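Structure in structure tokens, see below.
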């Protein structure tokens, strides 16, 4: 499988990006005016604690050296201590990864199903009312704020109809599916318009491709031509688009988690900003950025798996 | 990282714009008019409280109802138009100007400078944008989100397409550039601007919703939705109508972008 | 009975509320095992004719207002979609000019060759794969056991065309329509592919319609020839007759402009002018604006194919005079 060779050296290409992310998060926290140690400890800093922070993060050294301290600490998994929760930041963040990851996966699943269905319907009925309707919905959908949609969904399905819970995460797997359905649907509905438009355009252009004519000349049934040939070829640009939108999607979970009070990293981020728990903010930024990079990497792998032309 | 392809002729002919562009244009002009005429059109002061008239349902004396402070929702929406329009315009203009300048300069300089810049572009383009915004807000404090959005976009040099288009300007002589390349490069940039305006409006209102953007008591659509969330069981209108406004404004820009893209043969 | 009998076939395309005639009352027959060449410049209607016969041209902007195309007695133009699909790939096959774009880039060669076997003969994937390997071997692809798992982009142009041929003949059709199968290939490879087609004909009795713009190709491979111009057949004859005694000015011009037949150092004669655009046909004989022998009558009189000897038909009002003068 020499096509997947790139799996080995893509991480190398990602290093500049990862360094860039770490640099930005480092710089941001250090832009806050005042003694960093005091900022990191909040109002309760004792002299000894401040001295300890100074030592750990090298706060009396030049900025460049501090950055190296920062990187070193990172590599040790040392993100510092949360002011609010009073436990290591890593512990706090670690406990929040699962809900966010679940929500993301759920949202991607729902949006691929939604987009796949809508795009196929539209492409199959090109020019007719169904197609126009799908296109109009896509255009309007682009302007739909996820947080508002989430609230509307809560109004309808949680409060009026009582089908889904208003907030939270749930206890076990089935519970998670139930609690996270509306949040995932909100994210999916916000992402679908972009994917649907792209997939629809791909389907239409691929269905008039030369190899489709050749397939018809072979007497293949229409469904076979659609599913074995047209659909697979159309997926590739859309999967690419999904990758491009991952950054947006991860940003979207921050908002959606707030709407539905899902105890994930997004909600942690917002709460920490208000609480001025800067180390947590820094850690979450780093983790989320890392998540984007990793997901893009995954999308690359999927694209190579789908397209044998990529070497 | 592809630039948009142009299928139509380079000359800009506005006579045959499709219905979507016209509808979008009409919607945007409508909101512009609302924003400009706010002092005369809004029936009430957007931040004036009337504790005798709290949580009134719509279609009464207050057309869209009142919130828990007795503030008129309709007036708040009208005045909020200025802010959201500003978010869209600012977040688009800034990177457009900066990106075009950098791109043209880079193309003109050529050689090593140019190569380095393109490599830098590759790196920054993969940066997660929203996360960066939130981090900036965390650092610098809430408020002034239009500026933050513009700044973050500048940092990420988000619209490589502007840069690349402008770069070709740098390569060739000014006259050829202005007469031939500029018209071709301008159209995709305009379409992207309008799509971007949508993204920035949603971004700005999202940040305000989270409490990280415009602060109360200023009337901003995202903020109003946040304020209304606690009342969705009893007074749904507080959160509902501002959202509708966002959708309508954003749809206007989207339709414009779609129409232009269709007319001038620009693909994503 | 002829294998394929096309009679008075016309094809029209819609363009801004008008219907433009692309092919006008074309008639020809193809017998079992016959290789018929369909010659003409680009845009003369050769591809449109054949795609119309096979009903691959569907859509609201195309129509066939007249004519029939009887294959083994059944009119292809009036068959139901299901009956048509039963013939496609099984009794009639088609190969195309550009093997790169006519093969699905995401599917292995083997699977694409096996597709007609799976769908028409109900073969299971394993058996179909074995048959595919055999077929690849028959069309002259080296190392078929590995090629069967290769993707189109990994093969050369010639190999891709052979693979397409393999897929086309998988179910042993009676008629193969080859639309400029060698135009996009290197000269050396062209000869190989043509030879392969003839071999297939010799081995299986397959009839072939060979669409081409090169008379040289026709001379080397065909039994009979039909010359098309502006959507009409101008001359039809056995290959020998046509090359030796062309009777239509257009055919004569084509033969004269063949590079192989010109003495070195002499200027290559060419036919002046261009094919008329769709919908802008001059009245009367469509060739008259470019014809060195045109008379005013040629502009006024509509021209039809008329017999001009054993196995020879011509659409020119002056053919007798021109023959006498030669």
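Think of it as A, B and C in the order they're written, each chain with its own count starting at 1.
Simple rule for what comes next: a residue touches a chain if its C-beta (ideal position, glycine included) is under 8 Å from a C-beta of that chain, and two chains touch if they have at least 3 such contacts.
Everything numeric in this text was worked out from a predicted model, so none of it was measured.
K.L.:
Shortest hop count from chain B to chain C along touching chains?
P.N.:
Graph distance in the chain contact network comes out at 2.
K.L.:
Please identify which chain has its centre, taken as the mean of its CA atoms, farthest from the centre of chain B.
P.N.:
Centroid comparison gives C as the farthest chain from chain B.
K.L.:
Report, in whole Å, the distance between the mean C-alpha point of chain B and the mean C-alpha point of chain C.
P.N.:
Distance between chain centres: 56 Å.
K.L.:
Chain A to chain C: how many Å between their CA centres?
P.N.:
Computed from C-alpha means, the inter-chain centre distance equals 54 Å.
K.L.:
Centre to centre, by mean C-alpha position, how many angstrom separate chain A and chain B?
P.N.:
22
K.L.:
Can you list the chain A residues in contact with two or more other chains?
P.N.:
none
K.L.:
Can you name the residues of chain A that touch chain C in the complex?
P.N.:
Chain A residues touching chain C: 209-211, 213-221, 224, 228-229, 232-233, 306-309.
K.L.:
Can you check the complex and tell me which residues of chain B touch chain A?
P.N.:
Listed in rising order, the residues are 20, 123-124, 126-140, 155, 198, 201-202, 205-206, 209-212, 222, 225-226, 228-229, 232-233, 236, 239-240, 242-243, 246-251, 253-255, 258, 267-268.
K.L.:
Which of the residues in chain C end up touching chain A in this complex?
P.N.:
Going through chain C, the ones touching chain A are 54, 56, 84-90, 93-94, 96, 98, 101-107, 115-116, 119-120, 151, 153, 164, 167-168.
K.L.:
If you look only at chain A, which of its residues touch chain B in the complex?
P.N.:
16-17, 20-21, 24-25, 28-29, 31-32, 139-140, 142-149, 151-152, 154-155, 159, 198, 201, 246-248, 250-252, 254-255, 258-259, 269-270, 272-274, 278, 281-282, 285, 288-289, 292-293, 296
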